[in-house]
Amino acid sequence: MKFREAVCDATRLAMEKDSSVFVIGVGIIDPRKVWGTLSGIREQFGDRRFIEVGLAEDALTGVSVGAATHGLRPIIVHHRIDFVLLTMNQLINHAAKWSEMFGRQQSVPLVVRAVVGRGWGNGPQHTQSLHALFSHVPGLKAVVPTNPTDAKGLLLAAIEDDGPVIYIEHRWLHEDDAPVPPGYYVTPLGKAAVVRTGTDATIAAVGPMVAEAMKAAAALEQTGLSAEVLDMRTLRPLDSDTVIQSVVKTGRLVVAEGDWSPCSVGGEIVARVAEQALSALKAAPVRIMWPDICVPSSQTIEAKFYPGAREIQNAVMSVCNHYSQGQTIQNTVKKFDGPF
Amino acid sequence: MKFREAVCDATRLAMEKDSSVFVIGVGIIDPRKVWGTLSGIREQFGDRRFIEVGLAEDALTGVSVGAATHGLRPIIVHHRIDFVLLTMNQLINHAAKWSEMFGRQQSVPLVVRAVVGRGWGNGPQHTQSLHALFSHVPGLKAVVPTNPTDAKGLLLAAIEDDGPVIYIEHRWLHEDDAPVPPGYYVTPLGKAAVVRTGTDATIAAVGPMVAEAMKAAAALEQTGLSAEVLDMRTLRPLDSDTVIQSVVKTGRLVVAEGDWSPCSVGGEIVARVAEQALSALKAAPVRIMWPDICVPSSQTIEAKFYPGAREIQNAVMSVCNHYSQGQTIQNTVKKFDGPF
Amino acid sequence: MKTDGQRELKKQLYYRMLLLRRSEERIVANYHLREMRSPPHMYMGHEAVAAGVCAALRREDVIYPYYRSHGWYLAKGGDLNEMIAELHGRATGCSRGWGGSMHLIHIPSGVMGTTAIVSGNISHAAGAALAFRMKGLNAISVAIFGDGATEEGVFHETLNFAAVYKLPMIFVCENNIYATNTHIKDRQAQTDIFRRADGYGMPGMRIDGNDVLRVYDETGRAVERARIGDGPTLLEYMTYRYLEHCGVNEDLELGYRTEDEVRRWMSIDPVHTAEKFVSEQERKNMESEISAKLDEAFAFAKSSPWPETLIAEEAGA
Amino acid sequence: MKTDGQRELKKQLYYRMLLLRRSEERIVANYHLREMRSPPHMYMGHEAVAAGVCAALRREDVIYPYYRSHGWYLAKGGDLNEMIAELHGRATGCSRGWGGSMHLIHIPSGVMGTTAIVSGNISHAAGAALAFRMKGLNAISVAIFGDGATEEGVFHETLNFAAVYKLPMIFVCENNIYATNTHIKDRQAQTDIFRRADGYGMPGMRIDGNDVLRVYDETGRAVERARIGDGPTLLEYMTYRYLEHCGVNEDLELGYRTEDEVRRWMSIDPVHTAEKFVSEQERKNMESEISAKLDEAFAFAKSSPWPETLIAEEAGA
């Protein structure tokens, strides 16, 4: 099942199981079905549970907060995460605080699905990750699935959760294909996954950088280095315990995240390891992050913008003080193709 | 001169020096003059350069971006930083990216003054610091002055800067009084200040926590510990070099910031020290931050919410492995009084 | 019969307004004790709006007031003890001490959580209306906001959304001419707020907000429309705030409004005007009943425990 | 004389529209080469709006188009070579390769930076108008946006702001009935966008956006009002998009609109309708002139260097 089909599958299962779940968003009745992530949903559940809204992201987020406090479970769908910036007042001032602010008398079960774009010149305003913004604020949770199985399990967990959850969906994972367990299951929020075990260094990766880390780990194996790869999956609450456990074993940490570095999730991981496992560190940790500029449109500079497996590989070799003759791999990130 | 008078002084000097500087905001014509930070400005410069706007934070931020690209230098004034969340689309999608997105043909000289509230039950929506949100995004700068001299110098530097600068102003520093250099001067952006030298531990503090750190340092001296206190002042670009220099000397780091911990400026400081000066660290660094909840309204729980000098003192003693018989000081943060 | 009903209604309306007025007077009188550490946005002067609107609603209908909410909370039937306790920051408060004056809630009586962010509540009300529709309930939802709030973009977005879906809701604007201390003429080019309803194909009208009977009647018509599926209405009630924007004092010294203006509005005071709805004896009974309730509420608040812990399960983040 | 002027104007209007149409046709024809790696929002069908509006402006006036901006860029006098180079991601592009199709800019001709965030530009235009006012310039500013953009809150906020300050600006809405693939009837309860102007005390009107002369005339009147200090106007131009929302293809297979609807609009094609403004010979000359320019522009783009470095001075953060 493709990643995008897994998203759709989770949506369908949740709506079948719980009649309070509904979908709301701008342009969701589009025949392209938000890249197929909503195929058949409107047809199966009808317009009563499929709320098309004009361009009014702020209002529809508030509408969802209001509906959520009356027992419904809205799934807000944004074609681009960049549009979520129009809704920060509702998310941070309202949704995140609602439950505590009123002494925990109401909960706000709310999912914000936000797609991160990349490639084909989508440029500065259609390619941000914004992981960190949602991971900073208490009252919000944030998840970034990296494979079809988690795409489904984390979306179901997000829908089940009684607070607002930002579900960050990287567009260029949508076509990834893998076997997915049938039926209803949840991938618990707040648990990282050890996706490859190793002994020489820990690579804590976020989102699409997990695939890059796996490529790097495979290449590193050729040069005699054994890397453990973690898929952080949930950014808030952040499962730093799993990272620390791994670093206690490996003694070395490379963090790989597609987002800006200052005040990032990657930085938070490094900070917690330094605070809680300093003595385990045999080398200074390294972050592989975006350069500190906006994402450029032109292909040549865009190619220079995104770090990948090669940079991770080099970072691991450097924290391991390992300068092998082995070939450095090339970055071969799948390119996102086509105009939209 | 009081902190709030220093803000006003800087505004006046900038407007006298450069006719392209103007002030814009919601409710700025209020007779209370934004707690006196705009006293006499409208009278001196007239309504042409003092733009009162209805409740339209989003529009007025875009208006300011547009005006800035035409050579003006707007100072946006928000009574509360919480309202800036209504303007994130303009700040992050537009102002921060404008210059790079168009190949550096235009600049966006723009200052956003945002006041952080505290106390008297101002509660969840009027007391956020939000330091981290503005420090994450490239294209933005963020400053937090902690004394009248810097309040003036950093505001003038922010106004001179050719990009958007968020000037975060803690309400309960407004009444702080200290001699301020007369006339026009700038405090350079991106430079932390060593406000107390010491040898046993570094306290890197942000905003009002600087005063708490100074109190802690004085108390620590009684118990035989010498703490170096840094006032970070600018959060982006973050002067980690000064922190690292200090930690290389002291070997120990305590970070004190009034904001939530995950993906915070405090976390970024710890991460950079771990990355760049791991071997200098004789003990695991410690962050003193807010608990991971919204700011409560009631005085008893609010008092438990804010850490202060005592927590910093304890943290320094613990990183120094120093369990003296010396008294732990009490927190004596000045309370913000009165309803508004 | 009909006249009896009318008289009963008038009595109720007067009682509600008197309760609102006396409660706030008591808050004003006690505020200097520094026991209510919360920024209060006093409702005095507006009483006819909350009393009239809420009288036209059923208990299962919900209201979404803004931070100037003491009056709305009480008019809809919110528990007085819990409100006064909340102002005192006690664990028995309607928000358990976490919210304070700007964040009241009383779910059993349909007072939904209020926000300190101007206009933040408008879309919440639409969300409640959507939920009622989806769940097949016959309840309606009321968004309540000031003249200033109508300048925020979300006001426009929500009117359009509610009109498209013909939501069972009402938009109630309390136009008191000022946003903080800025006059509406300095903020809006065209100051007939109700006229904007036309842009969304929605009925809109301006009503004397100091005339509690007119408020009740017009709200009733809008409630009826909403209830039978004819969609939302924008009601603009003209009224006036007596005290400073936030706090318990008068504010003539600020100079943004004239004594004359304040006096003109006080001369049509909604509570005083409605005194004629009741007999002298009835009024006296009401006064003493309310006074006793307030004594009790303040005693309850002051003897209530403080909230203790920051949070039981501090979420590991 | 007057007729000569009229003829000259008509010729110019036709030339501009033809330039827009042929330029986009060339982009469509070359897009499959995968050299223009940028999401294009094609303007075909709208040409009369940009051509008519820009003809009523002076060079020092500025426009703030949205992402559907090729036509606006060219109509206002933006450099063709630089636009085609930008679509090719080259360092010689109008945004130096950093922006692509959605972020064009050409400061010398008054084409201000365009945004991919719907409605993000509306307030920028008001900011420019404010700047002109403050600097004592006589220029005016034009905000350009689609029917969908009017649903965003900032549209409302900016109309009010511009009206309060009587800014020298115009609000130009290109109503092509769809936002992406959602019909306006599914998004707005009252679909006469121009009628919302009344809520702000601003003149508003709906105009046939395929009639370039009417566009020119009505814009001219609004320009005049703005120029003499009478404040802003909301102009709603009805028009139609021929190709898919984003991309270079037709999209009948999506089924959100009918072939019949598309054909009806094409039968009043703005460029074709205006062919009568010029002689056959004139038209031929224009065609070959434009064709030569486009040859040159594509050659220029393809032979231009790529942007090299991510940024010279990478700001240490």
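As written, the chains take the letters A, B, C and D, and residue 1 is the first residue of each chain.
Everything below uses one rule, namely that contacts are C-beta pairs under 8 Å (C-beta built on N, C-alpha and C of every residue); 3 or more make two chains touch, one makes a residue touch a chain.
Everything numeric in this text was worked out from a predicted model, so none of it was measured.
Set against the Cα centre of chain B, the chain with the most distant centre is D.
The mean-CA centres of chain B and chain D are about 42 angstrom from one another, to the nearest whole unit.
Per-chain CA centroids place chain A at a distance of 36 Å from chain D. Distance from the chain A centre to the chain B centre is 30 Å, each centre being the mean of its Cα atoms.
With each centre defined as the average position of its C-alpha atoms, the distance from chain C to chain D rounds to 46 Å. Multi-chain contact residues of chain B (touching two or more other chains): 53-54, 56, 58-59, 82, 86, 89, 93, 100-101, 123-125, 138, 236, 238, 260, 262, 292-294, 296. Annotation for chain D: residues 93, 95, 97-99, 103, 115, 117, 151-154, 157, 160, 164, 186-188, 311, 315-317 touch two or more other chains. Judged by the touch criterion defined above, the protein chains are all mutually in contact, each touching every other. Chain A makes touch with chain C in their complex at residues 22, 48-49, 51, 53-54, 56, 58-72, 89-90, 93-94, 98, 100-106, 138, 190, 236-238.
By the touch criterion stated above, chain D contacts chain B in their complex at residues 64, 93, 95-99, 103, 105, 107, 112-113, 115, 117, 120-128, 130-135, 141, 153-154, 157-158, 160-161, 164-165, 311, 315-317. Contact residues on chain B toward chain A in their complex (touch as defined above): 82, 85-86, 88-89, 92-93, 96-97, 100-101, 123-125, 128, 132-133, 135-139, 236, 238, 260, 262-268, 270-279, 281, 283-287, 292-294, 296.
Taken in their complex, chain D has these residues touching chain C: 151-157, 160, 163-164, 186-190, 195-196, 198-202.
In the complex of the two chains, the chain D residues touching chain A come out as 37-40, 89-90, 93, 95, 97-103, 115-119, 148-149, 151-153, 179-182, 186-188, 245-248, 254-256, 306-311, 314-317.
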